[in-house]
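Letters A, B, C and D mark the chains in the order given here, with residues in each chain numbered from 1 onward.
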Amino acid sequence: MRLGKLYSPDEIVRDFHDGQTLVLGGFGRYGNPENLIDLCIESKARHLTVIKLNISEPGYGEAKLISEGVVDKIITSHMNYNKEAMSLYEAGKLEVEFCPMGTIAERLRAGGAGIAAFYVQTGMGTGIEKGKDIKEFDGKKYMMETALTGDVALVRSRVADPLGNLAYHGTNENSNPLVAMNNSTLTIADPDMILEIDEIGIDKIATPGVYLDKILEM
Amino acid sequence: MDFSQMDPREFIARKIAEYLPPGTVVNLGVGIPTRASDYTKEGVWVQAENGILGIGPHPEPGIRRVESYRNASGEAVIPVRGACTFDVELSFGMMRSGRVDTTVLGALQVAQNGDLANWTMPGRSPGMGGAMDIVSGVKRVIVATRHCNKDGVPKIVKECTYPLTGIRVVSLIITEYCVFDIVDEHLVLLEKREDISLEKLKEITDAPFDVSPDCKTMTVEV
Amino acid sequence: MRLGKLYSPDEIVRDFHDGQTLVLGGFGRYGNPENLIDLCIESKARHLTVIKLNISEPGYGEAKLISEGVVDKIITSHMNYNKEAMSLYEAGKLEVEFCPMGTIAERLRAGGAGIAAFYVQTGMGTGIEKGKDIKEFDGKKYMMETALTGDVALVRSRVADPLGNLAYHGTNENSNPLVAMNNSTLTIADPDMILEIDEIGIDKIATPGVYLDKILEM
Amino acid sequence: MDFSQMDPREFIARKIAEYLPPGTVVNLGVGIPTRASDYTKEGVWVQAENGILGIGPHPEPGIRRVESYRNASGEAVIPVRGACTFDVELSFGMMRSGRVDTTVLGALQVAQNGDLANWTMPGRSPGMGGAMDIVSGVKRVIVATRHCNKDGVPKIVKECTYPLTGIRVVSLIITEYCVFDIVDEHLVLLEKREDISLEKLKEITDAPFDVSPDCKTMTVEV
């Protein structure tokens, strides 16, 4: 772990490449790493796969990437708020893999916690268990779900320090801690504020800096 | 009072609040259920899957800005005293492990046996969101929905034809016309609005139902 | 969830009964719910099973229960610091089930997160995988471990409020958040301080009150 | 300098610190490895499984009281600037997922192929603690141990006879007499104390070893 994880937009823009899988923090329209998404657009990277809890309405977060036409595939729990994405999906121009929201969250956590797979009851009997490994525990059936990671994880935080320590605020926290610790190849934070080391406070750090590779300094 | 002039979604939201006694920890689904947080009794704890326990009312327009607290529909909300926020992992774990007492969800179809379909129908599949997670873990599932869909087709059915969200999970149904209890895979009418006849209600309800001997006239406090 | 989760020692002492499985927060000697352990001793409950990350030296936490002779079985990762427990174990007077520390932590978390089981690499090839379900992911072998819960979970926290919201401090946090959310039948906190509602601060609450049944008020 | 008067555990702890370059995130096992946190270079991040990243030196006796920060051995430690604490779940997840670069652990036996046995031996089995978790996830495993056990029996062996903690995980061995690299399941001597002869070292080392052409005289800074 090193100091000096602060990078300029010009440097970060070079981290995005064709064909990458992006793991994105946020919940719908809120708590998205908007500056990093803008840099991804600026990079002209195409054929991206996006993993996010739920897709925002147009104009925010990954919805901006979808509007740019640079997303080939989405793994999410729903796209209810985004007619544009729904149209592309229904026209066969966008591949979508739906997964229950809590299961996506748990799969992201598993990726970052060295857990290869786990068993949940969510969705048993609805048909989504088809093709999955089913096991019975205490007389109830569970399906196996596997860990999920990506190439680049983009995290929105309230604050960051140069070591990559992060803290969140309010419901903008949502999936960001999971995405930060998800063990994607490269993990970048998009903080509202950058503080000096020790300014966040030892008890208030929610994500230890060891998980972060880079911090965007605007 | 004449409720025919009240927005039916508003009516349903107020009725939901009546069915949540103080002490209940409740997850309110997107749409009509979310509105109930404006009317819940003191001591009801509203949880949302995006990571908050202790959602209070929506802010008065123009009164204050709420930047950091949103419900699962993305609406600004004011946390109650003692509220806390957390990440989505803890939020769903809380529900899967049975720490949330009740959820109120919308429906595309709800069957007399408690089956719920609320995520996909022919020609439109926007994803299941968190509904499958929620119904698999939360102890009591209430459906709150308009009685019929936009085309006037009954949502309360003998058997769901759309893909299911949960199997035999629903225990109570609240619409703008009535409240149904589900007992042994059968509907029992608990409340009925005065401005709809029993005959009309049977017509717009695809599943058969019994009328509870204690069936009440359905009103809400305003 | 209700207000008024504060209970006196006289009330809490009645929650302990013969044959219970206790899930205990703490790491060795530190961060133990000492007051609750003392009440458990006072209750005269016997034939207890104790689940804890690692066993303390005599005089602290579960070691006090062991000295009282009221523990029949322990699930832990090690007892290196406790000669008394080792002697009882070696004499066949104490049943011990050893499990790697991180795996115990993960099993406690699974219990509280509605996860029935999960796959880890920890200990593969050492022999502890014998009799366990083995699966290969990405060419590496993992063993299945199952969720762990108990009858009574005892949690040490820095602060609590009457709703059961908890916050921790420093390394006394250790396993306490896991034990608090473990979904044991009854979960009791032993806080250093009890504050009014809203005094902890919305962003500083680490364990939401919904997980806690009772708070010990000394 | 004559190191024969220095406590061998102290000598090993100082040597460990030399092998941890700035930027390393390191988990130090109970016993001798833990002592290394008093000597680590600036920019080395010491993590402990009880939930802290950024362990600094042990406090000076009588200078201050450290109530809330402990390492995994239970010793009071002073956090460095930028340190943070977290729960045990995150701590082990951090290690299992490869976010900790190096661990330094004690050993009962370590074999030339990198096999490690450090938790149980005939007649004594106090439990594996966190060692199996740590070696399964941390990228580089260093063993730091007395060269022989209390009875003078070599700990560095051709093949472990005690139950294993990890299979082919160890890449470096540090004792009070020497440092061995493990290359292709074979020991290579990197450093040797002046006060022990090569013959004597071979005698107290059960496994064969090569001597690196760059083999250095083993000293530590004091």
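Operating definition for what follows: a contact is a pair of C-beta atoms (placed from the backbone, for glycine too) under 8 Å apart; a residue touches a chain by one contact, two chains touch by 3 or more.
Treat the numbers as computed from the prediction; the structure is a model and nothing was measured.
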Count of contact steps on the shortest path from chain A to chain D: 1
- request: Can you check how far apart chain A and chain B are, centre to centre, with Cα atoms defining each centre and the answer in Å?
  value: 29
Query: Quick one: chain A and chain C, Cα centre-to-centre, how many Å?
result: 32
Query: Rounded to the nearest whole Å, what is the centre-to-centre distance of chain B and chain C, using the mean of the C-alpha atoms as each centre?
result: 36
- line: Residue numbers in chain B touching two or more further chains are 85-86, 89, 92-93, 95-96, 136-137
Residues of chain A engaged with two or more neighbouring chains: 106, 113-115, 120-121, 169-170, 202-203
- request: Chain touch graph shape: choose line, ring, star, complete or other and state it.
  value: other
- request: By the touch definition up top, name every chain pair that qualifies.
  value: A-B, A-C, A-D, B-C, C-D
- prompt: Where on chain A is chain B touching in the complex?
  reply: 27-30, 53-54, 76-81, 86, 96, 98, 100-103, 105-106, 108-109, 120-128, 168-178
Task: Please name which positions on chain A make contact with chain D in the complex.
output: 1-3, 111-115, 161, 163, 165, 181, 183, 197-198, 202-203, 205, 208-211
Message: Can you tell me which positions in chain D touch chain A when the two form their complex?
response: 22-25, 43, 45, 47, 53, 79, 81-86, 89-90, 92-100, 136-137
Query: Where on chain A is chain C touching in the complex?
result: 106, 110, 113-121, 135, 137-138, 140, 142, 146, 169-170, 202-204
Residue ranges of chain D touching chain C (in the complex, touch as defined): 30, 48-52, 67-70, 72, 74, 85-89, 91-93, 95-96, 119, 124-134, 136-137, 163-167
